[in-house]
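Have a look at the structure below before the remarks.
So that you can tell them apart, the chains are marked A, B, C and D in the order they are listed, and the count of residues begins at 1 in each.
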Amino acid sequence: MFSFGNFLTLSTFGESHGEAYGGIIQNVPAGLTIDFKAIQHQLNRRRPGQSSLVTQRKESDTVTFLSGIFEGRTTGTPIGFHIRNEDQKPKDYQHLADTYRPSHADFTYEQKYGIRDYRGGGRSSARETLNWVAAGALAKQLIPEVQIQAYVSSVGEIFCEKPYQKLDLSKTDDSEIRCPDPHTAARMTAEVKRIKKEGNTIGGTITCVVRNLPAGIGEPVFGKLQAELAKAMMNINAAKGFEYGSGFCGAKMTGAEHNDIFNPDFTTKTNLSGGIQGGISNGMDVYFRVAFKPVATLLRPQPSVDRDGQPVTLEGRGRHDACVVPRAVPIVENLAAFVLADLMLINKLRTF
Amino acid sequence: MFSFGNFLTLSTFGESHGEAYGGIIQNVPAGLTIDFKAIQHQLNRRRPGQSSLVTQRKESDTVTFLSGIFEGRTTGTPIGFHIRNEDQKPKDYQHLADTYRPSHADFTYEQKYGIRDYRGGGRSSARETLNWVAAGALAKQLIPEVQIQAYVSSVGEIFCEKPYQKLDLSKTDDSEIRCPDPHTAARMTAEVKRIKKEGNTIGGTITCVVRNLPAGIGEPVFGKLQAELAKAMMNINAAKGFEYGSGFCGAKMTGAEHNDIFNPDFTTKTNLSGGIQGGISNGMDVYFRVAFKPVATLLRPQPSVDRDGQPVTLEGRGRHDACVVPRAVPIVENLAAFVLADLMLINKLRTF
Amino acid sequence: MFSFGNFLTLSTFGESHGEAYGGIIQNVPAGLTIDFKAIQHQLNRRRPGQSSLVTQRKESDTVTFLSGIFEGRTTGTPIGFHIRNEDQKPKDYQHLADTYRPSHADFTYEQKYGIRDYRGGGRSSARETLNWVAAGALAKQLIPEVQIQAYVSSVGEIFCEKPYQKLDLSKTDDSEIRCPDPHTAARMTAEVKRIKKEGNTIGGTITCVVRNLPAGIGEPVFGKLQAELAKAMMNINAAKGFEYGSGFCGAKMTGAEHNDIFNPDFTTKTNLSGGIQGGISNGMDVYFRVAFKPVATLLRPQPSVDRDGQPVTLEGRGRHDACVVPRAVPIVENLAAFVLADLMLINKLRTF
Amino acid sequence: MFSFGNFLTLSTFGESHGEAYGGIIQNVPAGLTIDFKAIQHQLNRRRPGQSSLVTQRKESDTVTFLSGIFEGRTTGTPIGFHIRNEDQKPKDYQHLADTYRPSHADFTYEQKYGIRDYRGGGRSSARETLNWVAAGALAKQLIPEVQIQAYVSSVGEIFCEKPYQKLDLSKTDDSEIRCPDPHTAARMTAEVKRIKKEGNTIGGTITCVVRNLPAGIGEPVFGKLQAELAKAMMNINAAKGFEYGSGFCGAKMTGAEHNDIFNPDFTTKTNLSGGIQGGISNGMDVYFRVAFKPVATLLRPQPSVDRDGQPVTLEGRGRHDACVVPRAVPIVENLAAFVLADLMLINKLRTF
């Protein structure tokens, strides 16, 4: 639980206003030619300050690989990397040293550790997901045949009504909001702008689709494919829920409606199973949905308390997302890539 | 991923029609006086054949502890246990040796391993949850101060509309369906009976409430409390979704609505956070909901295919649940207990 | 550290006078046909009461496999097994409840856990190695091409002077003492009989030779082949030292003497490296030696203390080895097999 | 096996001529005030170029901590650190790209990975121990009450005859060779100089003594204190053997000689057990000895082969140790500190 992954593993470090983020990826097989640009591209997709919708923190978020790669290829030994924090303004946070922000981790970290790096949330900052995107984008290169595509499927009450099969997921990045349906994207964008103007924030959901995953991936009891994905996604800071296949709707259905009947080629006529049976992929599309709460930092006054329980008024300053889901799209995608690459590696050892 | 837990761990084995289930629990601290009856009581709650709603397989499901306990107290060494399968009828399954049942793990196990114990699903059977209930019920005794209560919050389209705060959760077992609201319980029961008469099955949801969990529990990055709970729950065979606190509803809300404002005593006025901030408990109630799909075995004919892709007609025989959620209540509760006991142990090492 | 192995893992339980020993082996690949007789044969080799030299405890030490094997072949799922204790005489140990035996684990267990199963040493008994032999003998079947042979290379001051290359290791079991050189075996046997008559015990060493191990096995930094072997061997109860290749003698040599010069076919002219360079096998024989202390239970009076520090006199009763090394031979062999099978499995993932 | 430690863990990366070494230390409890100078002091003790006896590579070996420490105190979150390589001369190694050095890891890495960073041994370089010293020196600060002292107890055939109890271990660093007995130190130093002049190298042993370790440390079956120490030490690049307490000598003794008889205060009259019984510390001194082979790089011509098996002549260049043990002293000490700090943390969870 202190690292991520089972055989392919990621250990990380970093705080929002420390010197650097970074990590170590272990057990990447030797001989993989790394596409560094593809990795940086994913970090750029996650980077703040790309649009009017997201936080304006100025960082290049450039990843540097320090080991495990020789003449462009992996050597099989640990891959160390780091990403410097360039826009550290710890002084901006001095006023928070003795204050607990609502629905942040300030109070809980202090309860747990008796000490807290209050600068921008310290270790609790979502900047940590930089590490995950870097590692996931590298892991993705181990499984080039698998296609993993996430997109924003709702913002507040605005849902993308079309099922993923009717969307062109290659167009996700065409809109700032990262919804591949242009009409819905426009409505979502307008909603976020409205909310932002109020100094408020709003939640949303991301749907992720995995195509071309071979059958047989996932471990049957404690490492079910859906459980490994759920664990990964629920570790993203603002995630509040996870469902796959029929999800919560499936709980309303009958078995006669829900069962996926086989075709003679072992595909299934429906896919309410979400491509997973008994914790193991069956070769159909795997798809899941993650719910994200609204960002807790508001650009308007909120009541809170200080360490002594005395009332204070807080107001966030100018660099926060009004809606987290667009930037969470590459996080979901690359984290899923890491989970799948790990499970696919392990699966190679399953038969004698 | 092959065992469960991080410091307090559970390794298990067993197949539906093998000789026994069993497991090893490691790192239970020494000196705990074990209440064996309380453990067997939880197994009895999970046992099939208790009511007209669930499978009639006749098993005593008696757990025997083989080590790690001396004169009634834990010694700190591994606790081995087993639970014999008494109602093995492997011949009942011979006809399934070359057939894949819809929405079961038959096809995926065979894809993964090239071999499959077809008797009652083998390792993929939900009988494995016996092990989890036994281990969880023991782990629960490590954290007697924490109260963990699960109940059926929906069956098909019938929802328990009252929030958990308005229910008397001590009455959950008063109805076969395990919904603590008598009126809703009656409606749910009628619905399951109707569905069962049709040879059909139906899904549902379980809500679980954790009270008296101290602040500070959960690890901040890869072992967030919600992620550990999600992973555990999504490993239950029929689980399709997990949400905590505001969950998927939270994704529709604004930050101004969603933020939990502090009281001077550091409780919060609302609890949309579900008792967790930054992956760490804050001392408020932790609550979550799990969606379960309908049981895939139907007591009426269904089309399927055999190993050669040829069409066959399958019909389940007389011992299957029409609705899995009542029996899943003790699974959710005891699995949650294991997760919490593990995290609470680890938390003792958090400060110098 | 609570289980054994890295991908192929063994978790165990059991106490000397509890109901049973047992364990769970995880991640054995599917499709291996198990030779059950070969496993029981290794347990029989370890069994007490086989000769005049070793303890007379009467146990059949029969292993029963409970899961993970279907129609004689592994299914890829966890393999549970147990071995019943048949000769439990806990009353024999009542007098030890408040006494600490010299050079046993009585005092340390009580210091650690505050409670102790005093019956025959409880968890600290070397009967635990039953589990290791069973699991190792199964793991051996995953790597049939590798030959692992251990033998007694010294008893007290009597050494087998011939190097392993000049011994016929297939003859190890021809003598009770398990030294393949008949002349040395006779001298060792006489020495043990002499020591036994005095109610005393004596130490010894075991040498183990691994042939046909392919090059490339072992992990370069924290999982060096020699470190994994050392860890395994030093977990055997009476082990006091481990060396491989040139071992402690190598510390007296110069580099010019010690370096193994390559032949054109990449074998080496000498093999002071013991078949391992940089933690990774090079295709030459791997050989190592383990030192075992004399058994601490003496069949003659010894002074000791009780829980209050008061002097007591202890005298072991009639069922203890005068020399542990003959019975440790199958322990060393099968434990080494487990380590190697684990590392060879992992190594399959080393290249892309 | 890919990281070091069980609860307190160290993951590392780095190659001899890559950009940096570094690592992540996890689960250091919050609230520890770090003495940075003490850590750097240990790195300085290990640094090459300190005396005429060791390699002259010019590096400052300065460790930089990047996270997990706030205002001088640990926060409980991962501690990332790095150590830059400043004296990279990869061109010096171009001639080794197609050549295998005798008794180095060149051949085995290539067999394992199919690719090899040939610059100074890449990942197989003992420069990796920098990471271990940094982490161990930090871990040491978690257990200030425990005294861990290593010293050179032999070089080639020259042994320090006095037992550790008769040496003043605070004087170890007084001589370049790190033997606390001045007379023996002088003889050792002369021997190394003689060997060096010949372009040759020589092996040696290090003895390590742990005082004030409380009783109860170590896990009873797979994590015995001696096994954890053995594993750690045998992962040091040149280590060939490990023994503790009576060690290999104990294998020549009888039980009557070897048993440590208790005093009324539970200390023992002798300490052949080396402070460990049943894998758990008993409160007496823990002591062990590690054998190191001679450095394989010689400053004189040696025959070897290239990748095609063709003969080549190799000659090391001017920056290699003639005897590795003086620089290995801080490695042994700090690695032991890490092992002990890890086990002492875990031990806090042993009782209810």
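Note that in this section a contact is a pair of C-beta atoms (placed from the backbone, for glycine too) under 8 Å apart; a residue touches a chain by one contact, two chains touch by 3 or more.
Everything numeric here is computed off the predicted structure, so don't read it as measured data.
Q: For the chain pairs A-C and A-B, which is connected through the larger number of C-beta pairs in contact?
A: A-B
Q: Could you pull out the chain whose C-alpha mean position is farthest off from that of chain C?
A: So the chain farthest away from chain C turns out to be A.
Q: Provide the C-alpha centroid distance between chain A and chain B, rounded to the nearest whole angstrom.
A: Comparing mean C-alpha positions, chain B is 26 Å from chain A.
Q: Could you tell me the distance, in whole angstrom, between the mean C-alpha positions of chain A and chain C?
A: Centres of chain A and chain C (C-alpha means) sit 47 Å apart.
Q: Out of chain A, which residues touch more than one other chain, so two or more?
A: Counting only residues that touch two or more other chains, chain A contributes 2-3, 12, 27, 30-31, 74, 76-78, 112-114, 123, 220-221, 350-351.
Q: For the complex, which residues does chain B have touching chain D?
A: Interface residues on the chain B side: 7, 27, 29-32, 74, 76-78, 142, 220-221, 345, 348-352.
Q: So in the complex, the part of chain A that touches chain D is made up of which residues?
A: Going through chain A, the ones touching chain D are 2-3, 9, 11-15, 18-24, 26-27, 30-31, 64, 66-68, 70, 73-80, 82, 112-117, 122-123.
Q: Which stretch or stretches of chain C touch chain D in the complex?
A: 1-4, 6, 12, 100, 102-105, 107-109, 111-114, 121, 123-124, 128, 154, 156-157, 195, 198, 200-205, 215-224, 226-235, 237, 239-248, 250-266, 268, 272-274, 276-283, 291-298, 300, 302-305, 309-311, 347, 350-351
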